[in-house]
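The structure follows.
Chain nomenclature is as follows: A, B and C, assigned in order of appearance, with residue numbering initiated at 1 for each chain independently.
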């Protein structure tokens, strides 16, 4: 947790910059202060506020799993002022980090269950943390299925890790691209994520579904899950809203009486159905 | 006022318009904008000295535009605002019915086209009243140094609430300059520099366009006399370019039009 | 601590001002500026203006300034050094002449700034501020303190509450330990309060609605888009209401000065379209009617549910300041009376 002043960031050194896709990068960050790094702990699902000093802060989930201490990672697309500044940084440079904020994926409750991860495009980052978390504790979970799609092959993020997951016998990975997004040597599925999900029709019994993606993908995925028999309490997603403080004070991230920064970003579909559709 | 009310009733009952934008009774004995959509509601319409807000600001709001064809109860500044909006290609001819009301409230002149509006506006007196003239002259007589001190003091109280922008019918940009952060042209926080830059920039963006309705000053919660900046610029544009905004539905933008005989006395 | 009730006259009060100043405190009170009455630093009691029902702006700047520096940073040779604020250097303030509604507002502000991760800047400023309220001999049509749990003579939130009882003599209720410390060493300036009538010098403000009805009414009206459109049609989406409000605390964070500059916190308003706009262009509240609804929901439903305190003290400033006469009392009454 950040020190007494909730707005003061910890200093982080960029150890590695990875280009995931056009305009999408991953930063691996080390704590400049060793003691802060040792004391730092987070749980999967949580996010932070990442600073470029002089430009501002940006909200990203922590994309690395808590099972791998010593560093944290974030993945972002260059879109606005702060992400453009982040995209221009090199290893060795310093940024700020405040966190961890928000609630968590209740992975302890998911033990002995099947896990179904569904993600689209730039929304794989929030799920990467929880996927690696459960894979690092593989024995506690039953079948693990990952369905991930992007517009085109080039837009798939974490290509190296997708290859790793595809090799693992204890993970079923299905990747897809939108029709027209395939390359001549593409071996995966072709179709929108909801359609591909419908096709593979994973069993819902004793299964937890985690869905992250652009609003349109989510909108069409929920009905597929309902048809497959998933109860709303067993479907998890993450909400994103414009954030500034991350600690429930600046007032801008609320969805009804819930702050995405405090009561989220992880919500079940059952919870979303009780909330105003204002997100 | 009965003339206005019965006109409104007639327009709504006959479905000539879907909404009459006018004034109704407000808090503190004042008036407020009302949007009459049914003939029976027309009784609340008033028109008197308390009716000062420039209602043309609502012509650019999507929430009002979606109500359908409108009739707008227009004060003289609002009449000129409509012509200026027309000159900036924001309004279509004959798509709006303007109701010019005499100061007594007893006479209603419906103006259905820009041409009719131009003729009506040409016949009005647009000069400043005695008190306003005196105020502007006192201000203009200040040395540059004293003027700078004056505005520094005034803008130190600015909150950057943007009430001035919101109230101004000619500030209709859907993405205002202050909302750009790449680069952040105007600082967001309401510190002295940000306030100075905001207010001066807004005055410059209105140079050659402002019709002097005064809503910016009226809207300012802390009483900054913004109208002084605008009036000074109106005088400068008239003196330099012989141009007055809001008089014609087709007019070039004064600050982006070059004429060979534009004065060049600033080149020394 | 039990309230200690005394009396003080104008001359003695002026002396008390001097005592506060020589103790290193700045005094902020209502003052006439540019034809309006607003909070500003004053050097003497003579500069204070108490003849208006209410000031334009609230006194929240004392604990939540319009702009404040969170910290500064220095970037050099690939390293960054953060310089924190020296909280001990924050000025001590006596807020004088605010009304009971404004005093009550500090509880709403504190609820936001101290829940979860306490805001050290806010807390330090609040600890450094003595609240000397003045009760209300008059109210106007915009006031509705009694509908939201307050009153023209309520002591909640004040360290000292003064009530003018005629001929320049004030009843002085010393409510809190901080108030007692503020008059420490000044016993000679005070007299007894026996027989002074407070009630008789207070405005009469009838409750306009039952506040318990508002939360449930709002819940049932949430999806009634037409209701919110009607209420907000003339709203222009400026920030005047939020900025003059004593309980509005929404803020923005902005970096300035490049790589060696400052991180600032500044006021923001849920009424602005930009407030919830995502970089992608998606906006959860794209319509002004939704933003108006958010204002009312936040103050009258979400804050009571989450922070157990209303987000409105009935001061009426928003209604007085609004360029288009959005009268919050009128709107809340309509909500209380709406048939679901």
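Keep in mind that, in the parts below, a residue touches a chain if its C-beta (ideal position, glycine included) is under 8 Å from a C-beta of that chain, and two chains touch if they have at least 3 such contacts.
Only a predicted model underlies this, so the values are computations on that prediction, with no experimental measurement involved.
Trainee: Which chain is the middle one, judged by CA centres?
Mentor: C
Trainee: Select the chain at the greatest separation from subunit A, using centres from the mean of Cα atoms.
Mentor: Farthest from subunit A by mean C-alpha position: B.
Trainee: Express in whole angstrom the distance between the two chain centres, defined as the mean CA positions of subunit A and subunit B.
Mentor: That pair's centroid distance is 48 Å.
Trainee: Could you state the distance in Å from the CA-based centre of subunit B to that of subunit C?
Mentor: For subunit B versus subunit C, the centre distance works out to 32 Å.
Trainee: I'd like the Å distance between the centres of subunit A and subunit C, where a centre is the mean of that chain's Cα atoms.
Mentor: 39
Trainee: Can you list the residues of subunit C that touch 2 or more other chains?
Mentor: Answer for subunit C, listing residues that touch two or more other chains: 252, 254.
Trainee: Pull out every residue in subunit B that's touching 2 or more other chains.
Mentor: In subunit B, 184 touch at least two other chains.
Trainee: Could you list which residues of subunit A touch at least two other chains?
Mentor: Only 80 qualify.
Trainee: Touching subunit B in the complex: which residues of subunit C?
Mentor: Checking each residue of subunit C against subunit B gives 33-36, 38, 56-57, 66-67, 140-142, 229, 232-234, 236-240, 242-244, 252, 254, 256, 264, 266-267, 269, 272, 274, 287-289, 319-321, 323-325, 327, 330.
Trainee: So in the complex, which bits of subunit A are touching subunit B?
Mentor: 80-81, 84
Trainee: Under the touch definition given earlier, write down the residues of subunit B that touch subunit C in their complex.
Mentor: My answer: residues 26-28, 30, 32-35, 53, 57-58, 61, 63-64, 154, 157, 159-163, 165-167, 179, 184, 187-191, 215, 218-219, 221-224.
Trainee: Mind pulling up the subunit B residues that touch subunit A in the complex?
Mentor: Within the complex, subunit B touches subunit A at residues 181-182, 184.
Trainee: Write out the stretch or stretches of subunit A touching subunit C in their complex.
Mentor: Within the complex, subunit A touches subunit C at residues 1-2, 4-9, 11, 51, 53-57, 79-80, 83, 92-94, 96, 215, 240-242, 244-245, 247-257, 262, 276, 278-279.
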